[in-house]
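Notes follow once the structure below has been shown.
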Amino acid sequence: MAQDTYTKRLWLEEDLADDLKWSMLVKKVLYSGKSEYQEVDLIDVGPFGKTLFLDGKVQSSEVDEWVYHELLVHPAMVMHPNPKTIFICGGGEGATAREVLRHKSVEKVVMVDIDKVVCDFCHAHLEKNKAAFESSRLELINDDARTQLEAYPGKFDVIIGDLADPLDGGPCYQLYTQDFYQNVVLPKLNPGGIFITQSGPAGFLSCTEVFTCINATLRSVFPSVLPYAQHMPVFCDVWGWNMALTDASQAELSAEEMDRRLAERVQGSMGFLDGHTFKGLCHLNKVVRKCLEEEQQVYTADCGRFIHGKGQAAKPAENGSQQ
Amino acid sequence: MAQDTYTKRLWLEEDLADDLKWSMLVKKVLYSGKSEYQEVDLIDVGPFGKTLFLDGKVQSSEVDEWVYHELLVHPAMVMHPNPKTIFICGGGEGATAREVLRHKSVEKVVMVDIDKVVCDFCHAHLEKNKAAFESSRLELINDDARTQLEAYPGKFDVIIGDLADPLDGGPCYQLYTQDFYQNVVLPKLNPGGIFITQSGPAGFLSCTEVFTCINATLRSVFPSVLPYAQHMPVFCDVWGWNMALTDASQAELSAEEMDRRLAERVQGSMGFLDGHTFKGLCHLNKVVRKCLEEEQQVYTADCGRFIHGKGQAAKPAENGSQQ
Amino acid sequence: MAQDTYTKRLWLEEDLADDLKWSMLVKKVLYSGKSEYQEVDLIDVGPFGKTLFLDGKVQSSEVDEWVYHELLVHPAMVMHPNPKTIFICGGGEGATAREVLRHKSVEKVVMVDIDKVVCDFCHAHLEKNKAAFESSRLELINDDARTQLEAYPGKFDVIIGDLADPLDGGPCYQLYTQDFYQNVVLPKLNPGGIFITQSGPAGFLSCTEVFTCINATLRSVFPSVLPYAQHMPVFCDVWGWNMALTDASQAELSAEEMDRRLAERVQGSMGFLDGHTFKGLCHLNKVVRKCLEEEQQVYTADCGRFIHGKGQAAKPAENGSQQ
Amino acid sequence: MAQDTYTKRLWLEEDLADDLKWSMLVKKVLYSGKSEYQEVDLIDVGPFGKTLFLDGKVQSSEVDEWVYHELLVHPAMVMHPNPKTIFICGGGEGATAREVLRHKSVEKVVMVDIDKVVCDFCHAHLEKNKAAFESSRLELINDDARTQLEAYPGKFDVIIGDLADPLDGGPCYQLYTQDFYQNVVLPKLNPGGIFITQSGPAGFLSCTEVFTCINATLRSVFPSVLPYAQHMPVFCDVWGWNMALTDASQAELSAEEMDRRLAERVQGSMGFLDGHTFKGLCHLNKVVRKCLEEEQQVYTADCGRFIHGKGQAAKPAENGSQQ
C-alpha cells in the first residue's frame, strides 16, 4: 500500500470530466512558481514521476513526455527533405526544442512562448531540457506567437504548434483558426514546408472535442493533412496530432525510409517511434475516421468549438465553411 | 457542473495503481447482487453510462463494451474460414456470446462461467445481451471452464478466453498457463482452429504486467500468435488481446478480405472494427514490440507474474522456458 | 480495512467548506426519491449508519439524531409548566414529532412541512418515526409553515422550528426573521409559551455564521433567550439551539427539577439529556459568549446573513436594528 | 469556489475512521522534514491555516491550537496554589511550554520529547513558540520521557502529558499505564502536585476509545481525577483531558476564583478559557458520564485499549480495575 511508503497522503486531484476525476499521490512538491498567466509546479506524483503542472493541469510527465515529443517533432522533421529552420509556437517546457535540435540539419530554431516565468522555470528545473535552452541554435522570445511569426524575417521549413488546447476564451484559441493558418502559417512556410500541431484528445469518445475540428480547419487551407494518434497515460486518453503538408507527396514515406532518415539525421536513437509504429498511429479506427469525414466545422475567429470536459457532447456544427 | 444535475455527490473510487485512483460520479445504483464469489453491481456512472462492476472493479461500460467485444470476437471469427462451434471460457456478462451469435455460420456456442449469480444478473439486467442468453444456439454451464472444456464431447473451431486477468491466487490464473493451453485448449481445437484471449493492459508502460507473458506462453504452444491492442477508456489504459492460430497462414488476411467477410458473415454492421482499423491495432509500437521480443517468462502452474497495480514494476523473469 | 468488508468503494462526498470536504463510505443506498423541492435519500454510510440526505446534504443519522432531537424538544417542553398544544415548523423527518409525543401532557401536535414527498418517504422508511406519523394526536399539513401558523385557529404552548438553516434565497430564510418572530410566532403563543429553534453551527469558529444572528433576532422580540450547544458528529461541528421564552422566570429551572419533570412527564427515559448535561450545554465558552454579546445584526426580510460554507468569514453587520 | 483561488487542487486526505475520511485543500506546503521517527510537515491547509502534521496526521493548527493548549495547561496551573517547577512529557511543538511560561510563578520547565528533529523543526518554523524554545527557564531534553522523569533530580509541582494517543505498539503507550502513573509520576510530584494529560477523543460516540480508560487508570492511582472535554475542529471531534490531583480539595475552585487567579498569575489574557467556560467543560453529558462510571479497564503494561479508528467499537474490558 502507498500509505506504507508515503505516510502523508497528499493527492493532486484533476477533473477529467464533470463526472470523472482522478487523484495522483504527491510524493514531493519540488518547485512552485507563479506567473502573470498561471501557476507553475513541478511535482513528483503517483506513477508519473516528475510532472509539470500549469494551473494544476498536467502538462507533461517524466514517464511519457518523451513519447509525446517524439511524436510531435520527428514525423514532420523526417517527412521534410532537409529541415534547417524551425519555428515553435509555444513549447515553453523546452522539450520540443530539445527534440528538434537532435536533427543535424537544423540551423535555427525560433521558439515563441508567451510566458517567461514558465520558460525560466523549466530551464532551471527540467534537467533534460537544459541543454536545449542553452543551445546557440535556439532563439527564445517571450511574446505572442502570431505576432512574432508574422514579423519574423524570412520563412521556415517546419512550424510546430505546441500549444494548449483551443479553450473558450483561452489565449491559444486564435492560434488554431483558419485565419491564422491561411494568413500567417502558410505564407511563412518555405516551399515544401510542413506544419504540425498537437491536436487534443483523439479517442473514439473524445475526438470531436477539438481533434476533428483542427483537422477540418487545416484541410480547408492545406493540400494534405495527416492525422495520427497515440495513447498518452498522463492525459488519460488517446492524443492526436495533425500534420499539414504543402507538398502532399511527402506524406508517401515508407516505414523503411522513415527508419533510414531517423537513423541518418537524428542524434541518438528513438525510444518510441519508428516507421512501423508510425504506420500504426496513422491507421485511425473506424469511429475516428468517420468523425473526421463528417466534421463540418472549421475554427474561425468567432466560431469555435471548445473542450469543456471530455465526456461532454460536442456542440453541433453551426456552419460548414470548407473550401 | 455535475453538481447542478446530480446534487448528491456519490463517487465510486477505483485504484488504478497504489498511487493513482479515479472517481466516477454515481448517477444511479441500478442493481446490486452478491454471489459466493463476488459482489455484482450495475451502476450508472460518470461519463461511462451503465457499468457492470464485480467487487467494485469495472468490468464493462455502456460507452465502450461494444468496442471490447467486437475486438475480442470478430477478428478470430473472420480469420477462421467457417466457424461453427465456439467455446467461451468465462463471458458471464453475455456480450461475448452476443457477438459470436451474430455470425451466421455458428451452430453451437458453449459458454462456461463459474458464477451463476453473475450470469443471472446480466441476463436479467443487460438488455442488449438478453437475446443471447435466450438463444437456442447457446449452452450455458456454470462450472470451472477447464473441467468443462476437457470433458465436453467433440472439438471447437474457435475457443475464446473472456476471463479476469491472471491475479495472484485468483481463480482465473490456471486458465492462462502453458499447461492449460498445451493440454486442454490445443487438443480441443479442430484443425484450423483459433484461440483468442483478452490479455490485460498493453500500454507502453503496462504491457509487461501480463500481456507479454500471455503472449510468450501462447508462443510456447502455438505456431502463430497475433497480438493487438486498443485504448479502452473505462479501463484507463490500452488493452491487449492475443490470438493463437493452429494454422499460421490464416493470419495473412488482407484488410479488404476482412471487410468482405465481416459484411458477408455477420448480421448487422460493425461499429468500430474494419480491416483498416485492425491493421492499425496490429501495428504495435516500438516499446511494446521490444517487450514482447524480450519476454522470457511463460505462465506455468507454479510460476506466474501478476497484476498488483499498474504502476508496479513487473517481477524479473525467473526462467525462460520457451520451447 | 474497510475495503475488506465493502469491496465496492462508493463514497458520499460532502463539502464542509470550500476547502474542506469529507467522504463517507456508502454501505448501501437504501431508498431514493425526488420531490419538486429536493432529492431524498436514505443511505447506510460510514460510521453514521442509516442517514437521511436531502440534496446530498446530511439531515440526520442513526448514531446521533436522537441526541439532536432530545435537545431540540425536551428542554423547552420541560421548562413549560404543562405543554398541551405544539406547533412544529418543518420537521418532515418525523423525529421531532416522535419526541414531542412522548410527553403525556400533549394533546395536539400540528406539524407543517412543505415537502410531502419527504414526509411520505420518512413515514415509509424511518421505522423509529412510524408511530409518530400515525398518531391520532398529530395533524400533518404539507404547506408553508408561516401561512399555516398564521391561519391556524387558536394558540400554542410550544412552537418548534425544525428547519434548514437560513440560506441565501432558500425557502426557510423567512422563517428566521424578526418579522416572523414578532408578527407570527409571538402572537400565536399562549401565555407562558416557548419558542425553540435549531440554530445552525455554534462552534467557536462557526458561531457567527447564523447562530449569533438568530439569537440576536430572537432577543429583539422575546424577553428571554437561552442559547445552548452540543457537538453533533454527523454535522462535523458543534450545533446550536436558541430557546425564546415569553416568561423569563421559566428559564430558572434547576438540574434537579429538570430531572424530576423528565421522569414524571415523559414516556421512557432520556439517552443523552439530564439536568446536569443541560447545565453544561448552557455554559457557552468565552469566544461564543463574546460573539453573542457583540452580534449587531438581526434577520430582517431583506437583510440576512447566510451560511455559504463554514470556513467563510461572516459578512460584516450592516446595521444594528435591535429594538 | 476554492478553485478560483487555488487552481491547483492538492488535497491532504486523512482517515477519520475506516469508513470516513476528510480532505483539506493544501494552500502551500511550507516545510517538510523527516526524523528517524516520523515525517514532519508544516502545511497551510483548508480552513485550518498553518497546520503541523506528523506522518500526515494533524497535530495542531493555527485556528485552534491555542484552545487546545489553554485547556491543557491553565486549569491545572491555576488549581495549583503556586506552581514553580513543571515537567512536560512530550510537547515538542513548543506550545505547551509557551503557555506554561506565561505563568509568573514558574521558575523551571523541563520538557522531554523523544524527537529532536520535530523540536528543531518547530523551533525554526513556529513563530509563536520561538520565544518559549529560547527561554532561559526552559530545559529541553530529547530522550524518553519516563527515563528522564525518573532520573531527574527533585520533584515537580505540575506534570503535563502532551503525548500522542496510546496506540497499539506506539512509543507513547507506556506513558499512559498505571505503572507509570503509580511508580514514576506520583513519586515525582511535590505535595499538592497535579498531573494533567491530554486524553484523546471524548465525544459521546468516541469516549471509550481511550478517554474513559485513561480516566480509570488515573483513578486507580490518584485520590481525585477531573475529566473535561471540548470540541476541537481540527481533530473533528470533542477532545478530552484528565486532571489528577494529589489534593482533592484543590478541584473545588469556583469560577470566580479561577478568573481571579488567571488574571493575577498569567501574562496576557486568555482567548478561550475562563471560569464559566471551564465549569461548562466539566459538565460532561449523560452518555460520557455513564461510560466513565462503567469503565472497568486500566492501562497496564501488557493490556491496553487502543485507538484504531474512531468508529470502531472498543474492545470489551478483559479485567477489572486494578488498584
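Which chain is which? They are A, B, C and D, in the order written, and residues in each are numbered from 1.
By definition in this document, contacts are C-beta pairs under 8 Å (C-beta built on N, C-alpha and C of every residue); 3 or more make two chains touch, one makes a residue touch a chain.
Note that the structure is predicted; figures quoted are calculated from it, not measured.
Student: Show which chains lie in contact with chain B and also with chain C.
Tutor: none
Student: With chain centres defined as C-alpha means, what is the inter-centre distance between chain A and chain B in Å?
Tutor: Whole-Å distance between the two chain centres: 33.
Student: Taking the mean of the CA coordinates per chain, how far is chain B from chain D in Å?
Tutor: Result: the chain centres lie 56 Å from each other.
Student: Provide the list of chain D residues touching at least two other chains, using ranges where the numbers run on.
Tutor: Each of 23 in chain D touches at least two other chains.
Student: Once you've mapped the touching chain pairs, tell me: line, ring, star, complete or other?
Tutor: Its topology is that of a ring.
Student: Please give the residue numbers of chain A that touch chain B in the complex, ascending.
Tutor: 1-2, 6, 16-25, 27, 45-47, 63-64, 67, 203-205, 230-231, 233, 236-238, 270-274, 276-277, 279-287, 289, 310-311
Student: Mind pulling up the chain B residues that touch chain C in the complex?
Tutor: It comes out as residues 7-14, 23, 26, 28-29, 32, 38-39, 41, 53, 55-56.
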